[in-house]
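Just dropping this structure here.
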Amino acid sequence: MDTYVQGILILAGINLMAVLGLSLLTGFTGLFSFGHAGFMAIGGYTAATMTVKFHWPFIPALLMGGLMAALLSVFIGRLTLNLKGDYFCIATLGFGEATRLILDNVQYFGGARGWPGIPNYTTLTNVIFINIIGIIILANLIRSRHGRNMIAVREEELASQIVGINVFKYKMMSLMISASYAGIAGGLMAHYMTFLQPKMFSLIKSTELTIIVIFGGLGSISGSVLGAVVLTALPEVLRSFASWRLVVYGLAVIIIMISRPEGLMGGYEFTPSSMRKLFSRLKKKNITAEGGK
Amino acid sequence: MVQFLQQLINGLSIGSVYALMAVGYSLVYSIMNFSNFAHGGVIMFGAYFGFFFLTLFHFSFPVAFVSAALCTALLAVLIERTAYKPLRERKAPFLYFIICAMGASIFLENLVIAIPAIGPTFRTYPEIFSKEPFHLGLLTIGRLDVLMFIISAVCLALLVYFIDYTKVGKAIQATSYNIKASALMGINTDHIIIIIFALGGLFAGIAGVLFGMKYTVYPQIGMITNKSFIAAVFGGLGSLPGAVIGSILLGIIETFTSGYISSQYRDLIAFVLLIGILVVRPSGLMGKTTEDKA
Amino acid sequence: MEILELKGATKCFGGLTAVGDVNFTVPKGTITGLIGPNGAGKTTIFNLITGVYKVTRGNILFDGKDIANKEPYLIADVGITRTFQNIRLFKKLSVYENILTACHNNAKYNVLDAVLRLPQYKREEKQLKEQAENLMEIMGLKDRRDLVANNLPYGLQRRLEIARALALNPRLLLLDEPAAGMNPDETDQLMHLIFEIRKKFNLSVLIIDHHMDLVMGICEKIMVLNFGCKLAEGTPSEIQNNTKVIEAYLGVEG
């Protein structure tokens, strides 16, 4: 395959991994995070430390990155998940920016200048492989009682409590899983770019991830996949459009929220059964159309 | 001791500008209960409006100043009408408001970068006030710092007067206390919302121009204005005195951090402070704590 | 035998005493009514029992154990659940999903079982689905299975909320104005439904409502609340003839 196309697909896959996690948190649990780039940074720096300084193999290093991000999310979650309204989202903003600013000052990782020379382990094959696993885990989770409880928390917190759902526990679970996805995405990014710099994980990165989730549709895994691929590839294809990219994104977010807040997929999923239903509906339409003639 | 006083004065001056920005966040929060992240973009536009009025249209300083503030007030209201009003009418969940605010903030910031005539370059305001500082014993105080402090103080005093002693101000207070009940009591809450966005925008413009004069103008000013948002959280979102006190404190803490520790930690301190206050007292220094009614 | 007992339960909001020193009991297996003028503190008592509000003073005993100030989800685990005056469904989920979600505690599989689709997950998930279908059948919601909760007619939304509560297999069900906004016909149906579910699920019911026909018709015991304090307690006929109650509702003559 063309290395250019391959590169775009790898980037899309890395974004997708982080977006899948964020989709669980925002789309399915109703928590808004401004700090997921922070979890990516933790995952990226941890994974790179493991491969570069401790010579671990790639996959365990990635998992370690995910684990570290999850651990940190437990810490953050303990402190802030009980907060009402948008205070949690404000806290994640603080966390994300604080992570970046701390890394700016850690000379062990090259500080603000960055950390070059990370081995190039990320390939299209392992990105696709990891994403498929990520999607399967997420889809299975969503269709279990645990996933349903998260959705219930998104819909109505008080009613969730009344039917015996430990709201805090499920928010925490969602945040942890979400953070570990972001951590793994960070690890993939580090070993694709072969270079890490705190600037890569700024607030803009966090908001970009959120935009993809919203674009694809809150509460839809298929939407997140579609969103990640389209929104990563589009600006690459339309190079001349690059400077207007974020302008359009910002505007698109507003328009989506006003006119179609459920996003592209609107809570629907591409599953074998839903596809069958769709086809049978189309067939029926055809038959009635023909009958009309 | 001299250094201490010097830092204190610098902190007060920057803190007062933060306060101008923070009241915009707090006003909107007090009535609509969400963090209006688009406010940072409005402040940035204020800085640009001021800059272009001065350099391109050669307005005199006071005229440029007032025009910039009026333009941002208009911009803030425009954002409310296009982005938030449809959501309000649909009674959308608050998550949608934050997402919309984020979209607006991304839009504003990148619009400036994308317009070829403006772009990402740093711009410096023309020198309006001489750089020659006042000397007060061993202390040196920049003329601009004094101006910033005075303008901010006057604006905030006017705001307090407006909120506490005018009919509209009282209506704002009532609406922030209970928007539904206020609507039933005959207050046009839609107008109140326009007014608070206009007020927030007005202050954003003033703050933007002052900020641009003190530093430089560039599209990512919004990132710095995030700190005034932190100040608003620090003081207690939705509380005006809280926003002012939080801002002054943040300004002082920042200057002390860069003065006594290292300027590298200046931004970090702000965010650590943010997380700290959220953990210890999420309603901020002066915010109201409420028990949800089921 | 009492399933629920309030002992000097008090709730203050700042200086305002919303519920003051209330003592009363719900005998096991009965339908008990809680009535009183608007603002008397009826819903506040529900909020205290279900842990939505913290009790300022006093005890709340469920089956002899103090449950005051426990987190709401723990109180649901103990076996108390409720409906809300201003219906709180999972609005964007279907009827089926609303009920299925609430069945969650009848399965014990963990996250790993779910992610790997282990046998326990499959087995228990099947049971949950059967339970949900069963509840829809009983509550007469079967033909609206895939309708989004928000699009249900008002009466059925109330029904769905009760169905969702029953999914927990509660021992005490609190109904907050279940007949609000219903016409006499619907109220009548609701009465029968409440009777039926008490029998079928073997539970005790505490009910707040302003429809006196309903309350007098189905309750074995009634407590009257006024200004946060207990005004009277007794059988429907005792309450109907209580002068204090009549005064509170109709005002004093002369």
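Chains: A, B and C, in written order; residue numbering restarts at 1 for each.
Keep this in mind: a contact is a pair of C-beta atoms (placed from the backbone, for glycine too) under 8 Å apart; a residue touches a chain by one contact, two chains touch by 3 or more.
In this text the structure is predicted, and so the values were computed from the model without any measurement.
The chain occupying the central position, as judged from C-alpha centroids, is A.
Taking the mean Cα position of each chain as its centre, C sits at the greatest distance from chain A. Centre-to-centre separation of chain A and chain B, using mean CA positions: 31 Å.
Taking each chain's centre as the mean of its C-alpha atoms, chain B lies 47 Å from chain C.
Chain C has its Cα centroid 39 Å from the Cα centroid of chain A. Within chain C, the positions touching two or more other chains are listed as 52, 84. Each of the following residues of chain A touches two or more other chains: 158. Taken residue by residue, chain B touches two or more other chains at 294, whereas all remaining positions touch fewer. Within the complex, the chain A residues that touch chain B are 26, 30, 32, 34, 79-80, 83-87, 89-91, 93-95, 97-98, 101-102, 104-105, 158, 203, 207, 210-211, 214, 243-247, 249-254, 257-258, 261.
In the complex of the two chains, the chain C residues touching chain A come out as 50-52, 71-73, 76-77, 81-82, 84, 88-93, 97, 100-105, 107, 109, 111, 113-117, 121, 125, 128, 164-165, 167-168. The part of chain A that touches chain C in the complex is made up of residues 137, 140-141, 143-149, 151-152, 155-156, 158-167, 173, 267. Chain B makes touch with chain A in their complex at residues 33-35, 82-83, 86-87, 92-96, 98-100, 102-111, 113-114, 223, 226, 229-230, 233, 264-265, 267-268, 271-272, 274-275, 278-279, 282, 292, 294.
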